[in-house]
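I am attaching a structure below and will ask some questions about it afterwards.
We call the chains A, B, C, D, E and F, going by the order they appear; numbering starts again at 1 in every chain.
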């Protein structure tokens, strides 16, 4: 298959929201992942005490889900999509948390930007909630970083 | 200086928006950076033709600036902050674009979450605009990823 | 019919936006009601002079309709729903106003949260518009309260 | 003290956002409360298992905090206010949950609408998360209702 | 006085939100006006019956006030500004309605974009509310148009 | 054909979001146009240097596209519509820029309000970006104005 190599959002007149009216309504799913590197001490503080962990994680999940739904407001050329379901889950490493966001819809265009936005905002929310322990004595963040945001699976049936 | 190691956003009752009323109004600046890995071919397509590059980059800048201003809506426990200025700039590598976001305010709390949100959304917007060329023949993104989102400088004067 | 007693939004991993993709697209209607208790003097001030009443009521209606449309942004785990119509009406008692909100859609999930959100925001808007007359000399609200927000009918055809 | 009995938001030309420019910047606090009536079985399901309770409650808190910050978008004539802190807490009764929302700011106008909006949205979010167990076999909500939303304290120092 | 002729929002790197941190906090006021041309029959329908007029006008006022507050979300490079007051009023001509929007703030940058946005959205809202009578038999709008949106006064004290 | 002359959004109870559930899902397109009058010098500054023009225009396009998608949030009684495509283009005159916005959807109601909102916000964004050169020495805008916002074509197939 020869695919035409061009940027679909950019025509001679500038930027545009590309037409998807002729595309078929099919089941769409996308899974994105990403990580936030944290100090082991921060990971321990999040994990210690069920309530505390529950809340940091719940905050990140809720922020991520809300962001998934608002992707078309945040990313200028995305289409509004009637999403049917969103899951955000987390796995803990010694010095990182990995977020996975799965988004599903029956629609004319894919949902990978939604999944990527959900992962990004979930990780940013974790950062915000652990600022006090990640900062060094000069108020800087020598360890913290968000890494490896990627689409691990995109399905169209 | 001994800093108390606890998560300021989480108390026994759950999550809260921490009180900043007693903190002083001072000049705040934060600079965050991050990268999106792209195929060299995609980088070339963005750079070739001034108009095209201008538009991809302008879209990412505008999306990033809008996101900086809405950080308190996107990250649940962030305070609304009266920002005085925002700059987002890009540097091109062979197979990546690096975004830098600088945010400034005179206020009671820092602006690093704003800078991080600006970088994240700018990079997500680039991804959205080059989807067509980054996807492989199965509709997957084997190369594309967002990396190394970090705070490079935080100032409080 | 045995219904499984569990909280659909909460799984082991935390919160999620439940999948509705397999549910059928049918006509959905929900009617919610609620009341704001006000001083008789405030009711009289609202009713006296058509213009004045029209405007307080119109403000509450418009705020309620806008909130119905944004329910999925306000309530974290609600799905965006393509609403087909919204009505908000008010009845006056001696010391209260009762709001009724009816929401309609053809979709995969019900609209009761939308109707409840519309009633709540309409009543909050009335409160905001009569603050000056409801407050006592110490700036407190001994009489004002919002009561009895409920779903009076939910239809799925 | 004789207070003039008129509706500050309504003048001859219709509605307006009243001028607060001449009011002084002082410490403002408002505490609002409200209840959601639930089946004892639902209360038990929320409380059983720390994770589950944490998540329902965390969702309601986060939704409430986000709504507090967006009060000026939701209630048409409210002013945007630079909030300094927000707390939302819950108490459990046999067949109800009571939410308390405290909002603080140093500004020219009070924050009671913010506190009332926070309580309302927190309670609506609880409703949304327990829909499956509160509904009867006909899909109706004979027990559930939101009650007694009120301002319990308003301070201006 | 020689003023430097350059576009403050555009630098070599693209667009930016210009720094206003060094500007002084002073009283700012801006008044914008604009007109919507309507069929005389439509004007008559709006004016006939106090309730009807009140509602069309109240809807336009409320939409305009909400838009003024969200100007920084709608116009990408505008700063969020702590507005102290907004008024929107209307005058009726034989075949037009003229809207006037006055916005006030004590801040570092002017509020003319807010006033212009308020006028524009108020007029668009009127159009939306009279679509049924303005359309001709082919569903077109041969008469309707929005004209003469301008800043009539801008004050900085 | 006799069309009933009444305002569909206004009933005896006030304002409402009219029911569109019974209307058929068909292809809808609307094209709106509008102009901003600018000083020839400003036009020249925008056009001179590809990068600069690209950015002013790209900013206006992106702001317009985002506004088209948020029309139902900005205009109170508009329905949320699943848009399939949006284009915004500009033509330059000696002392004006004319914006054209085309919006497409397959839905139950027309998209002219979306096209009009897109044009209005695109023009407001141009104004914001050229404020520095359009203002006279007293900070007023004697030349700048937005004119002739109209629907040039509305299609329903």
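Keep in mind that, in the parts below, contacts are C-beta pairs under 8 Å (C-beta built on N, C-alpha and C of every residue); 3 or more make two chains touch, one makes a residue touch a chain.
Here's who's who by UniProt: A, B, C, D, E, F = Probable cyclic pyranopterin monophosphate synthase.
On a predicted model such as this, the values are computed, not experimentally measured, just so you know.
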Number of steps on the shortest touching-chain route linking chain A and chain E: 2
Chain located farthest away, centre of chain A as origin (C-alpha): E
Most remote chain, CA-based centroid, reference being chain F: D
Angle of rotation relating chain D to chain E [CA atoms, steps of 5 degrees]: 120
Proportion of interface numbers common to chain C and chain D (over half same, under half different): same
Between chain D and chain B, distance of the C-alpha-averaged centres to the nearest whole Å: 31
Sequence positions of chain A contacting 2 or more other chains: 14-15, 51, 54-55, 58-59, 62-63, 66, 70, 76-77, 80, 82
Topology of the chain contact graph, where touching chains are joined (line, ring, star, complete, other): other
Each pair of chains that touches, named by its two labels: A-B, A-C, A-D, A-F, B-D, B-E, B-F, C-D, C-E, C-F, D-E, E-F
For the chain D and chain E complex, residues of the former touching the latter: 13-21, 72-73, 76-77, 79-80, 82, 108
Complex contact set, residues of chain A against chain B: 1, 3, 5-10, 12, 14-15, 34, 41, 45-46, 51-52, 55-56, 58-59, 62-63, 66-67, 70, 74-78, 110, 112-113, 116-117, 120-121, 124-125, 127-133, 137, 139-141, 144-151, 153-154, 156
Touching residues on chain E, where the partner in the complex is chain C: 50-51, 54-55, 58-59, 62-63, 66
Residue ranges of chain D in contact with chain B within the complex: 27, 54, 57-58, 61-62, 65-66, 68-70, 80, 82-90, 104-106
